[in-house]
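The first chain written gets the first letter, and so on, giving A, B, C, D and E; residue counts start at 1 in each chain.
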Amino acid sequence: GCGNKADNANASSSDASAPASSSSNPASSAPVEISFYFTGSQNVKDMWDTLVPKFEEQNKDVKVKLVYIPSGTGAQPTYDRILAAKKAGKGSGDIDLYEDSLSTVTKGGKDDLWDKLSLDSIPNIGNINSKTMDNVSHLAVPYRASAVVLAYNSEKVTTPPSTLDELYEWIRNNPEKFAYNDPSTGGSGNSFVSTSIYKDLPQDAIYSTDPAIQKDWDSGFATLKDLGKYVYGKGIYPKKNQGTLDLLANGEVDMIPAWSDMVLEQTAKGQLPATTKMKQITPGFNGGPTYLMVPKLSEKKEAVYQFLGYVMSPEAQGIIVEKMHGFPGIELANMPQEIQDSFKGVSEGFRSFNIGDLDKEITKRWQSEVAAQ
Amino acid sequence: MSIQLSIRDLSKRYKTGEGVSGISLDVNKGELITLLGPSGCGKTTVLRSIGGFLEPDSGDILIEGRSVVKLPPEKRPTSMVFQGYNLWPHMTIFDNLAFGLKIRKMPKAEIRKAVEEVLNLVRLPGAEKKYPGQLSGGQQQRIAVARSLLLKPAVLLLDEPFSALDAKLRHEMREELREIQTETGLTMVFVTHDQEEALSLSDRIVVMNHGHIEQIAAPQDIYDAPETLYVAEFIGKMNFLKGGAQEDKLVMGRMEFPNAKRLSGEVVVAVRPEDIILEPGTRQEAGLPGTIKQMMILGHYAEVSVDLGDRGIIRAFQPRDKVKELHLGQSVNAAFTKVIAYSNN
Amino acid sequence: MSIQLSIRDLSKRYKTGEGVSGISLDVNKGELITLLGPSGCGKTTVLRSIGGFLEPDSGDILIEGRSVVKLPPEKRPTSMVFQGYNLWPHMTIFDNLAFGLKIRKMPKAEIRKAVEEVLNLVRLPGAEKKYPGQLSGGQQQRIAVARSLLLKPAVLLLDEPFSALDAKLRHEMREELREIQTETGLTMVFVTHDQEEALSLSDRIVVMNHGHIEQIAAPQDIYDAPETLYVAEFIGKMNFLKGGAQEDKLVMGRMEFPNAKRLSGEVVVAVRPEDIILEPGTRQEAGLPGTIKQMMILGHYAEVSVDLGDRGIIRAFQPRDKVKELHLGQSVNAAFTKVIAYSNN
Amino acid sequence: MSKTMKMGMLGLILVIPSFLLLFVIVVIPIALSFVESLRNDAGGFDLSRYQFLFTDKAMRSNILFTLKVTIVSCVIVLIVSYALAVYMRFSSGRLVELIRKTYMIPIFIPGVIATYGLINLLGNHGWLSRFLLLIGITLPRIIFDQKGIIIANLWFNIPFTAMLLSSALAGIPNSVLESAKDVGAGRLRVFFQIVFPLSYKTFLVAATFVFMGVIGSFTAPFLVGPNAPQMLGVSMEQVFGVFQEREQAAAIAFFTFLLCSVLGYFYIRSMVKEETARL
Amino acid sequence: MLWYFRAIGTRKIIEFLLLIVFIVFFVSPLLNLVVLAFSGKWTYPDLLPHQWSLQWWKFVLQEDEIAKSIGLSFLIAALVTALSIVLCIPAAYAFARIRFPLSKVFLFSFLLTHAFPKMGLYVSIAVLFYKLGLMNTLLGVVLVHMINVLMFMTWIPTAAFRNVHSAQEESARDVGASPFRVFRSITLPMALPGIIVASVFTFLNSLDEAQGTFLVGIPDYRTMPIVMYSIIADFPGSAGAVFSIILTAPTIILLLAAQRFVSADVMSSGFQLK
């Protein structure tokens, strides 16, 4: 996790951003085209659709082919493709840049799929919290982050809870007015579950991938199990992030954990009532950056680095923040002041977990213990 | 004889306007009466009204003096044999036959006995275990009749039960039905469009036309004295010729006949093929001259077509021996032994 | 007369062992020959072998002197009319008729003319635009015949073409086919299991039994002199009685007949119903005594069943007028005017 | 003889292309997944994946839940479809005509869309509950419940089943029914002793296809079903996609296949019987 | 349940009510989507939206992705239909007309497509397709779509061919048509209703296929249902409703166009193989 605490004040490298010039090779031949595979919801696509033309304008020698893989159900086809291509000895399967979550970074680390990214090839990596880069063994860059927050209907809820315990109490006092989604189908529910499970565990347990920790989950699961009868529908966990947002929108529940960017966007578009407000509790819900990875066997790494350099520049990050209503991938301190200001209130308590495959175990155990109770 | 079935001014019109009306008919106990008429004349409509499968618009139907119009089919003391697809293919012959009896809660042993008896009656003993699909068409129809007989209906209704069978089988079935009727003394209403079938089977024939009754009479009377031109056309083979009526005489060429009906002007003269005598040559005094156009041997007799020129072609039945003297294209003289006349309108 | 179709020692056995063998037959040009026999005797097998739809195991088939056994159906100068499902429901009558001509690349105008002509021939002028589904069964069969006629086949094959039609229509169609044959002079092989149809249509009849030919002869000869008991049973109505043969005499009760075939011992004596004379009372010298069991009027004649006691029941055809003198249960004397005898094995 | 050989060859040649396709996209994957399902954690081969199906509490309840939903759906679908088919067979009128013309449409409506519509209709604050609120009834929970899955199954399967059955009923001649009435059979007796036995084969066909369709379904149970227990289709997807246990998913798939095979056996047997009877 | 058996008076009423329930059951989910698609603001517990709007139509129609996906879906559906006709019709003809060894085994093997759970099948197929290099190819998508339709495409035409009476074929041979001509002019046209029904079914089924496409065709082959999935996942009700209508429209139009052919008898004959 990038561990972007709000008090990070690592502003030093902010002017080191040299987006276009860093490694451009003016071999004035035909531009190199790189294939960039990414997932996410519609707004992610919009964001890249804005960003890429700007980049191409500044870098005539590189073209970015955007390949959008819509979010939904199913396996991880792109990852499997890169893996299959490697096994078949067919390079990177024409995938030069790939965007996904932390678990894929970890998985690809094991399968030795990702290229190691260094400050030398991409100077703008310096804008990123170095601890975060170490966490992912420099195999990926976090280019944006979203936080999970409590979204609530301010007409019904005047004083929102500010800690997890207060939240539990609120849930118990307002039966069926809180909902979180099935953790296997969406990050916001997942975040609520893992935050609850790690509530009473030591601070850095959230960076541990040691399976031994599983036995310490018991009390967390006990709480979740107990909450079951107070949540929406006495134990209904909607599918997907949008599932709980729909419940909030039509007034069936008053409070949900949700991705800040989705709430912001949907409030702006009027899909959520204007009375919807957000609140981060402390310690914060498990949010998370989204990473960009370069397949080791890509043949166009130079061009990819060039693009990554641009993405990690404050200029690009500004666009990302604006489009995604999310957090920047680089340290907040490297961002313009107005952006820094806009994050007051939400960014506090933002944490990021890195528990690797344990996440799967959580969903599994949640499925059999909480859902199936 | 007591009246078993009485139909009183029955009317039934479908939405299309077709149907029957003004049907009145009394059937005596033990009588076999036939409804005869061309396709679409309403025979089935009458029969289904009796059976309860159609609700008449008006009129009454009495069986043994009791009105049954308000009863559903399963409550009526009638039983029906349909043209085809009569048996239930998923049941054995025994179950087919026993079905109605079981509904009547007859004890098992009795059912077995009754089924055995009726199978003997229709000459299919031992067929109990077979399925309908394993029987020939004729056998199936016999079982269908047997099934109805078992229920000892007050009136047995048969809707062209043999028309799906081939000629030989049809003949056999007729005889058998006749025998069964003699043995059981059942009252039957039989529907057919085959006049030969009607003639051979019936005590009386009801000739229908376009939803009404044309004539009710015994087969011989219908054959000998068809009341209307329509009946004459429909029953038996008949030749029609133009003729003239003069007071008490009917005149056709050189032939004269008595004018029993006192017709006048142009008339239609009907002659049965068997009432025509053909003589070689044209010298005869009476009779019409013609030439032989076609000859067909139909078993023990022959059908000879004679071209009478302006008067058209007539068909005559001749004994087989006689035909040996005739040949195609030969000039002959056709004399009529008996004619019936109808007014020409 | 030249021989149009010649079948030589044809054999065809299915895997089941059923089929035909030793079939030899010559058909003259312009002749209408009928294959007659009970269901399953192999009529269709022979016909389909001629048409090319079956490959014979052995034997030869010659049409106009040329062997055709090796040709596929589309190359043979034959044309076939099937029992049903003859027409192609997705084509208009015109297209149905024109299909074969188009394949023969006949010019359009000629096709139109030919179709019009043949439709006149089968008495359905103006039916070109209709679809088969819009015609009645009889009309469809007429079109089927027309389609075959159009191709001017060397031999026209008809496999029970009328058996799906009802009795009246069947009669009509027979006459029409006869007329068409007279007009066109086509050579035809006609399959039927209806002996009446065979008798009325054919120039010659081939009676088949269990895959072989029993007798080939003209209808009259077949009727008058059935060679075998089987043929006698199959053609026309026939009564069978037991009798004894003594040198040159056949003896039955008080009656004696000449023993033309020189049989001896117990024989089966066959009598046609029309060759029986019934006289009231039992005083007659010749004839067998019996009682009347059933009478059915069949149009211009009547069928009377007479119970001869030990000798069984016989059926006699009597003129209608004669029957009026008879009644059920009456004692009668049955005398035979003509009999045929068969050895009893 | 050689001709039958030739025809046989021709038949095979005509069938081979489509069968080959079937082989590649269905038979091989089934075989692969069978092999996969036998692979244990250690990489060896045994039945541990299948054992897990019956030993794991959640999995066991998934199986039971699936069977329950499937059987309940089948029973309701068959009853309602039968009623509908009987109705269409024996009634006349404009309404029936309309139904006859349109009842097949749902067969062709994309599953996602119908499910989506059902969610919006039957949800807690859905359209139906708004209507029921007017007359003071609160809608019981349908979406996120087995009721939702069953209702969706009804929506998807009734038209198809009714279609099969109505064509079977059309094949029963009126006279067969009338002769039963004629010998005195009441309405229920006519149905149970004549109509049903005569359409029983089609009934079996319908039951087979409804069963197969429901037991392996994914879209509807995923979108409207409860979080637990899950239908096997959903569970399979979760095990494969989220838990990434390919072998276990294969075992679930194969187990479902075995359940379907039971009905498939009866179906094929009855069809083959009919074929031989026909020849 | 046996409405028709009831006594006249109450029977009519019960019958009518049941029919209404029945119709409502099938129509209302779709109707609900229509209302939703045109709604602006529609909060609980209002029966109808208090504000109608075309906002989501504009939104959905502006996405050029949608037009692209519709085009792609139709292309794929057409390919699937064409390919399955080419592959399955000869097989259907063989099943109906020719006796050959193992024909029943072949015939019933098509049932496998329905007996094995789709989800499991897709997963295995993905594994296989990676090996064969069919992932994210048009051919791969087309093949996956064919899984659903192989059975229909074989069985329904088989029944249709069987319903062509052999006398009808023979009489065409008889008037001089070669076997091929017989097939072209007689057998095929007569079996056409069955083939059309199967093709329509195939086409629509391919238009609707989502799971398999998702696994095999992503990322390049984003068909309508895939877009639908992501819209359901990421957008609120109204957008999904709009898209549902857009997605359903071709189905309804095609059905109406083929209405003459789509009859219960033709379809169900395919499952009974009589």
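In this section, a contact is a pair of C-beta atoms (placed from the backbone, for glycine too) under 8 Å apart; a residue touches a chain by one contact, two chains touch by 3 or more.
This one's a predicted model, so the numbers in the text were calculated from it and none came from an experiment.
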Touching both chain A and chain C (chains): E
Contact-graph distance - origin chain A, target chain D: 1
Chain A and chain E, separation of their C-alpha mean positions in angstrom: 38
Chain A and chain B: spacing of chain centres that average the CA atoms, whole Å: 91
Distance from the mean Cα position of chain D to that of chain B, given in whole angstrom: 54
Centre-of-Cα separation between chain E and chain D, whole angstrom: 16
Shared-contact residues (touching 2 or more other chains) in chain C: none
Where chain D touches two or more other chains, by residue: 125, 237, 240
Residues within chain A bordering two or more other chains: 73-75, 250-252
All chain pairs that touch each other: A-D, A-E, B-C, B-D, C-E, D-E
Residue ranges of chain E in contact with chain D within the complex: 1-5, 15-16, 19, 22-23, 25-26, 28-30, 32-33, 35-36, 44-47, 87-88, 90-91, 93-95, 98-101, 103-104, 106, 108-121, 123-125, 127-128, 143-144, 146-147, 150, 154, 201, 204, 207-208, 210-211, 225, 228-229, 232, 237, 240-241, 244, 247-248, 251-252, 255, 259, 262, 264-265, 267-269, 271-274
Footprint of chain C on chain E - complex, ascending: 165, 167-168, 170-179, 181, 185-186, 189-190, 192
Residues on chain C engaged by chain B in the complex (per definition of touch): 163, 166-168, 174-175, 178-179, 182, 193-196, 199-201, 219-220, 223, 236-237, 272-274, 294, 296-301, 303, 317, 320
Chain A partner contacts - residues on chain E that touch it in the complex: 43-44, 123, 126, 130-131, 133, 135-136, 211, 214-215, 218-220, 222, 226-227, 229-230, 232-237
Interfacial residue positions of chain D with respect to chain B in the complex: 173, 175-176, 178-186, 189, 193-194, 197-198, 200
